[in-house]
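Right, I'll just put the structure down here and ask away after.
Just so it is clear, A, B, C and D label the chains in written order, and each chain counts residues from 1 on its own.
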């Protein structure tokens, strides 16, 4: 009906992500391999963490119609001809194969609605197999989009069981889990099951105002900008690799409620970008940081 | 359910807007008048277009519980005791009395959805009596919110009749008309019926790229920022008083479709602000400019 | 030669700053007092920290040519007729009376040069009686502008004496002290002599990265924005009332040196704004926050 | 003394810029060529204007210590082995070889001072062989930096002679000419001598407010953002390929003088970026647009 906010990825686009120790000849080896197999490189972005012996990161897009072998053969050949030689961690994906994204949420609907609305109108290249919440409040808003809504109450007593229940729902169904203002802390066991596959939105400019009630904290400190941070979830609360951050200006005229309202718009925008970049295979984790190859 | 993006205006808040030729004593006269009538001023913002004899603009908020007379009596007294003496144009409104906002739209739904969604969840202090469109495409999205949707087809032949039909639907029903990407040019007669009560969103940073296909124009010119402009509609196309503008950064990597997608987010944000400020009585027109008393 | 970045304040402009407990009638009392004395109000900005019984803050500019009494008489009358009744803290200043600003600096010259250059070309309404540094490195750059440069070495042994020496140089000579990247911590005694008259620039987005080497800290944390904060100095390190903050975007391509370089431009901009607002009597301290009446 | 705003380019860094019709195998050919000659690629950025048959643009940085041949031999070999085959336009430069930048200016010193100051402290990788002005006003500020200042008066009568005089001063002395608010229009003959080597700063957000007095135009139109644009100079006034743009927020409180003052800071920032990117070989002209490979 209307132009999507991001044109659908070309049905013939593939993406290659590579990380390895930096050394001469990598670009030549990779690009020559693809050229010889009939892949036409259309986008190429590279990063070296240190010109003198750091890590090497590469993202490329190429077109598949001219490939001289099957997709599986290409992967096998790449591993044997190139990747093993350089000790590469790598990933080959097809843009047409949308990632499956589960959303966990508590009671605030702004971040959830942004993701649902964008995905439904084709702005965000994902499918949403389910929404899980520790409250039942948002069921109506979610089911209206035809998406299954699972209410799993969490209390001090049943935390472990509740996580088990969520994990069994998610098992084999998702490529990415988004915490769209999910106010429960996930256990290390849960996190370990989805390494660098859980994205959270924290409602402050991290590392400022870690923990609870960041808008109240920000208001009390009298900051002139408030922010939001989207990051991968790790075992340490609010300490995982940051994918994206942004801020909005506030003044003495704004009370803590205003900060919350203004901040929610920043949260939506920041989470949307981080999720989009992950879905488009633009993010590579580098220790506790991220390399983000932005369009 | 969740915190609204803007707390509901206090049920006892009144607003006074004033414009007149600048002269000594205005602030003293107005504030003393209100004080003597038991009004407690809680916000006060003023602007003089020129320290030496320009126009005077004032917006204030005050609390009504202590008023020593009725709302109508206050208005009458103000006109006789203060306004007539200084030749003021003025307006007294109650924050609790939400303005009625009709939305005109063609086929793009992004700006419309932003306004619907915000209004429905209480973020925007308005009621929406109707949506009018020259296409039937968005009926489902609108009616889902319980809002009447009127499809009035417009062609070269029936333009005048179509406007008549719209005007009769609007007659007495609206305080504000928002063109949320309505791709028809309104006639001077239509515009004259709603002076400074029609807000448009133009998808460029005016005065750059006036007229049709601004994103295509912007892409062809190779600009590094794209923008959107919200303005009151006047007889001259895209020339009315500007209420708000914003921009987003683009690069050589973005094609015209990308510009459109990125721009739509700017349009939503810019239109939302302009509409909010109008609804909160924060905008005063000054010739072909605006004075905007932002929180 | 060229247009200054801020037109010189009108020779006849006065400014009034007021703080007191909020209560009805203040605006009426103040504006009526000024009107009766022939003062013409040209700018008026007000803030109430809470509509229901908080603090009241007011800044106004008025023109003095029509005053019916002397400047001193105006002050006396204001105290007796208005201020004492409402328990006001207040301050009346003349825009033409430029504040005297001493600058303390260590070895980084970027913030210092911004202040010197702006002041010398008339952009910043100040006079600079002296620059004090714990190093001798920047003497040439400062003396070129005809400004006295005092080198007071600071070591673990002579910290108290060094501060004494600085205090005696400053005694009676300054209205404002700017720490333009001064890498020594001032003692509580020093700070107590200049309450809300010492402005610091901290090279991070406070409260993130308090203390030493914030750019290194920011790089290690992998933030996507770096910032700077200008605040009044209090006894607690980096904890004083914030006047202004801003940020700049960084990416994985930037190393710690880049962050430092990009951050220095943010520091200059943020410190310049904070100092300008202080010099123009636009800042009122409210507990550990600031009210800033921005133009 | 202090950290420069951009660390000096490594003494062993070389840069390769390439443009040609897009076709398979380019990246493989170029990277393999460099690998075989012992060049170690440390930065690689690429752009294809259209995935299906557009133009191909590439910028890479590589380290030269391991080269197996002389710099001249590398150039010759590259032309014969790679560039001629693909019909490439290309350029190989050494980061250590700073570009020679002449500055033309009229009376406003803000943009000039930014360039002088940054270059002198090592922030900008350039040498400045001369400043040319049609006025004598800024001689002192320039000569203080030890840079030759040439005053060439321009009138309606002597325009051609004045340009001749400037051209003979510039002949063989410069790689780049920056118009840092030079208020004379250069003739097509002058421009033709330095294709894509003349950078201008225009004090508006082009294409809005082309021509004279853009700040006055912007104030009269009542825009809410003002901007500046840096572009390569072509025969058409203010129509050349845009390198960088930015904006600053303004309000009804700002008069035309304020816009000028606020805009000058944007001009400095925008021109600085455009010049830096040109000096670092980050800009490739693509018709009337630019491809800018930003760090």
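Everything below uses one rule, namely that a contact is a pair of C-beta atoms (placed from the backbone, for glycine too) under 8 Å apart; a residue touches a chain by one contact, two chains touch by 3 or more.
Listed by chain with UniProt protein names: A, B, C, D = Formyltetrahydrofolate deformylase.
For clarity, every value in this text was computed on a predicted model and none was experimentally measured.
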Chain whose Cα centroid lies at the greatest distance from that of subunit B: D
Type of subunit A:subunit D copy interface by residue overlap (half), same or different: same
Distance from subunit D to subunit C - Cα centre to Cα centre, in angstrom: 37
Where subunit B and subunit D are represented by their mean Cα positions, the distance between them in whole Å: 42
Where subunit D touches two or more other chains, by residue: 253
Complex interface listing, subunit A residues touching subunit B: 1-7, 107-110, 113, 117, 123, 137-138, 144, 253-254, 257-258, 260-262, 264-265, 269, 295
Parts of subunit B lying in touch with subunit C, wherever the complex brings them together: 10, 24-25, 27-28, 31-32, 34-35, 40-46, 48, 51, 63, 66
Of all residues in subunit A, those that touch subunit C in their complex: 47, 49, 205-209, 221-225, 227, 241-247, 251-253, 286, 288-292, 294
